[in-house]
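Once you scroll down, you'll see the structures, which are given as structure tokens.
Across the two complexes that follow, chain A remains constant while its partner is chain B and subsequently chain C.
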Partner chain A sequence: MIRSDILDLMNMVMKKRGREPLADEGQSTREAGFRSLDFSEVALRIESKVGRELSFEAASMRQIETVKDVLDFFEEAIKG
Partner chain B sequence: MASILLRNRLFFGADAPCTWADLLEQGQAWAGDPTGYADRRVVFVVPDMRHACMAVAYGMAHSLDWGVIEAARLSEAVEERFAENGVHLIEAGSGAVLGRTPLPAQVQPGRVTVLTSGTTGLLKLIAHTHASLNTFDRVTDLPANSWFLPYQIGSYAWYQMVALGMFVADQDLIPGDFSDLAESFKTALSRGLVTAISSTPTFWRHALMSLDEALLASADMRSISMGGEIVDQPILDRLAGLYPSARIKHIYASSEAGAAIVVSDGKAGFDAALLADTDSRTIAIKVEDDRLYIRSPYGNTGDQGGWIDTGDLVETRAGRVYFCGRAGNTMINVGGQKAFPPDIEGHLMAHPEVVWAQVTARRAPMVGNLPVASVVLRTPMDEADAEQMLITHCEGTLAEYAVPRLWDFPKQIPMRASLKS
Partner chain C sequence: MHTQNQSIIVSGGSRGLGLHLVSRLLEAGNKVATFARSHTAAMDDLSAKYGDAFYFTPLDAVDAPGVTAFVMEVSDRFGGLDSVVNNAAIGQDQLLMHTDVETIQRITNINIVGPTLLTRAAIKHMMLSGGGNICNISSICGSRGYAGLSVYAGSKGYLDAMMRALAREVGEAGIFINNVAPGFFESEMSSVLRPEQLDTIKRRTPSGSLSNDENIFKVVDLVISGTTNMQGQVVFVDGGITS
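Let's turn to the complex of A and B:
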């Protein structure tokens, strides 16, 4: 699963909730309205796609502020 | 003990009706001399519903310490369970003793062994008597009815209905074939026999999905009872629409507590005034720490006299008490917020395109758990469209954390042996 696939999943979740798509990686997740519930949903959808449970590091999760941080985080988690 | 009403009838499949007198006679010929069982706690192993009813007539008529189980349910673990409880498994007909030698047990003539798998899936043996099973004994002037009997042989609900057929005047039974319940219900409806049913909401949802609506509506349905699961407003409304002249009630009962609450005002939950009335009611109910407790003379003998913790969570809203599910496995913690699956399921099932819904928790990073939904739709549609439709339905009514995040759309409603989902 590549970075653009993850972004597609994030935007699918945004669209379902009636929100604007994420414009660029520098955008703040807070300003974009990408919330912790959305993050968790994307995580589960990625798990379904890759067919295994991912391990997430709590410390890294707390540092997430931008769309780029989310993409980096999931990329790392998938590499596992 | 109350006399068996030998003239009440039973309709098995497409066969001509028979009476309890016929079944008692057949049971007598089949099981033989009852003195051979008088000094033992026995459970008769039967091949089908007709033989189960024969065993009931026989066990009741001779006040044995008895019960009944269908042969298909036997396994090594089940046989072990009976042996631990001092029960002799008897293959009625041959008289052969099945399973291993049971531990010694005190024989109690008149005891009826009711089987329940409970929520744990482990077979439990609950002691009852004909009196505690005959929960209709205080109902006066029950109109003549033919009850479709959908329950599994040996379960509490099954015995209750059998007791109704045995001990209450003019109450005929139409036992369903548990191996193909929908087909046997269809047969009974086609014969124009069914005027009453006791079942679960899942049974009805299944029937509404799998049977022709015109056939369902053709029944001269006068009495519908539901229990065993939370009875939600949408299913009450749907059945009221289908059977406008039927008396529809939902009953709260359990194997341990017996029948305790009967609601017939067409609304989900029950009137909170029942909680205050502990003196005039034979069956008392109370709520402590959001849990429902019951004191009932219909409770099994082991718990006689005391309050029984039902393990069910309730919530009072606007003078009405609503069931919220089982304690311990009900609430979903979503990032510290509490989401209750029964509330979410009830809201989903209020959507006209939803036949059945079940909400569970799935572990998720950051928020701990997310609610995920399994939904059976009335008509097939694109899953992404269905998901969007239901999210829109939930938004604005449910809290954001309670809106399911992942969706699954099975084609059939799952139904367990207890007729629950």
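Let's turn to the complex of A and C:
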């Protein structure tokens, strides 16, 4: 999975929740309305695409502030 | 001080709350034994200060034969066993859907199987010696929901439920079993909480402050003193956040 696939999944979740698509990587997740449960849903969708579980601490989720942080986080998690 | 001249086991006394409980109980003239997986410098300090009244050995709470042998060893060294404080535990900071199976097993083993084994070994001893006191350190998480703590919370809820059943099983034998359920307090376990989160918890706490080791000690001291006739209860030490 590449970065744009992850962004697509994020936008799929945003659309499902009736929210505007994410504008750019610098956008704040809080302002965009991308919540922690949305983050979890993206994680689960990535898990089913890569065929394995991604487990991580809640502390790492709490450090996320921007769309870029989410993409970086999942890129790293996928590398394992 | 309510607890005096007792022989006491506190699990997980190498640091955090356990270390405070051990130190304060020793100060009051009790004999105290503890174990943890790793040795800390504080264990040497207590040995130097209290000599034979203190005993530490490295032990994993889930090592069943080790725990049974520890209870026998303490009873032999101290000439009996009056009270046990089940304090050793590990925390969690993961949403369940992102928690791997090994972590779930580790938490349930240490936080559920561990105190069950120690309690079992202790009550066998207490049955034969005419009674004693068991105090489990549970948590407000056993009774209230906090995200990221599901497995940990389940383990604390287990301790509360087991305690009530055991009070019925062994109460008649003069064994008093109760739980002390602290709110969040500062320690290595709660260090995952950011200062803003701790501030939010304080704001939502009627007393306006988190409990500290000494607040919790005061209640544990009373609970294991054998002077209260309190049986099968969970006592919250949380500044009123669960009120």
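Going forward, the second predicted complex is superposed on the first by the 77 of 80 C-alpha atoms of A that agree within 3 Å, B and C clash if a C-alpha of one lies under 4 Å from a C-alpha of the other, contacts with A are read in each partner's own complex, and residues count from 1 in each chain.
We take it that a residue touches a chain if its C-beta (ideal position, glycine included) is under 8 Å from a C-beta of that chain, and two chains touch if they have at least 3 such contacts.
Predicted model only: the values in this text are computed from it and were never measured.
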| item | value |
| --- | --- |
| Partner chain(s) touched by A:R45 [first = chain B, second = chain C, both, neither] | first |
| Touching partner for A:M1 - first (chain B), second (chain C), both, neither | neither |
| Touched partner set for A:F56, first chain B, second chain C, both or neither | both |
| Contact residues of chain A, present in both the chain B and the chain C interface | 36, 40, 43-44, 54, 56, 61 |
| Residue numbers on chain A that touch chain B, as the complex places them | 16-17, 36-37, 39-41, 43-45, 48, 54, 56, 61 |
| Chain A-touching residues of chain C, taken from the complex the two chains share | 93-95, 97-100, 103, 147-148, 192, 194 |
| Interface residues, chain A side, partner chain C - complex | 36, 40, 43-44, 53-59, 61-62 |
| Chain A-facing residues of chain B, complex | 334-335, 362, 364-367, 370, 387-388, 391, 400-401, 405-406 |
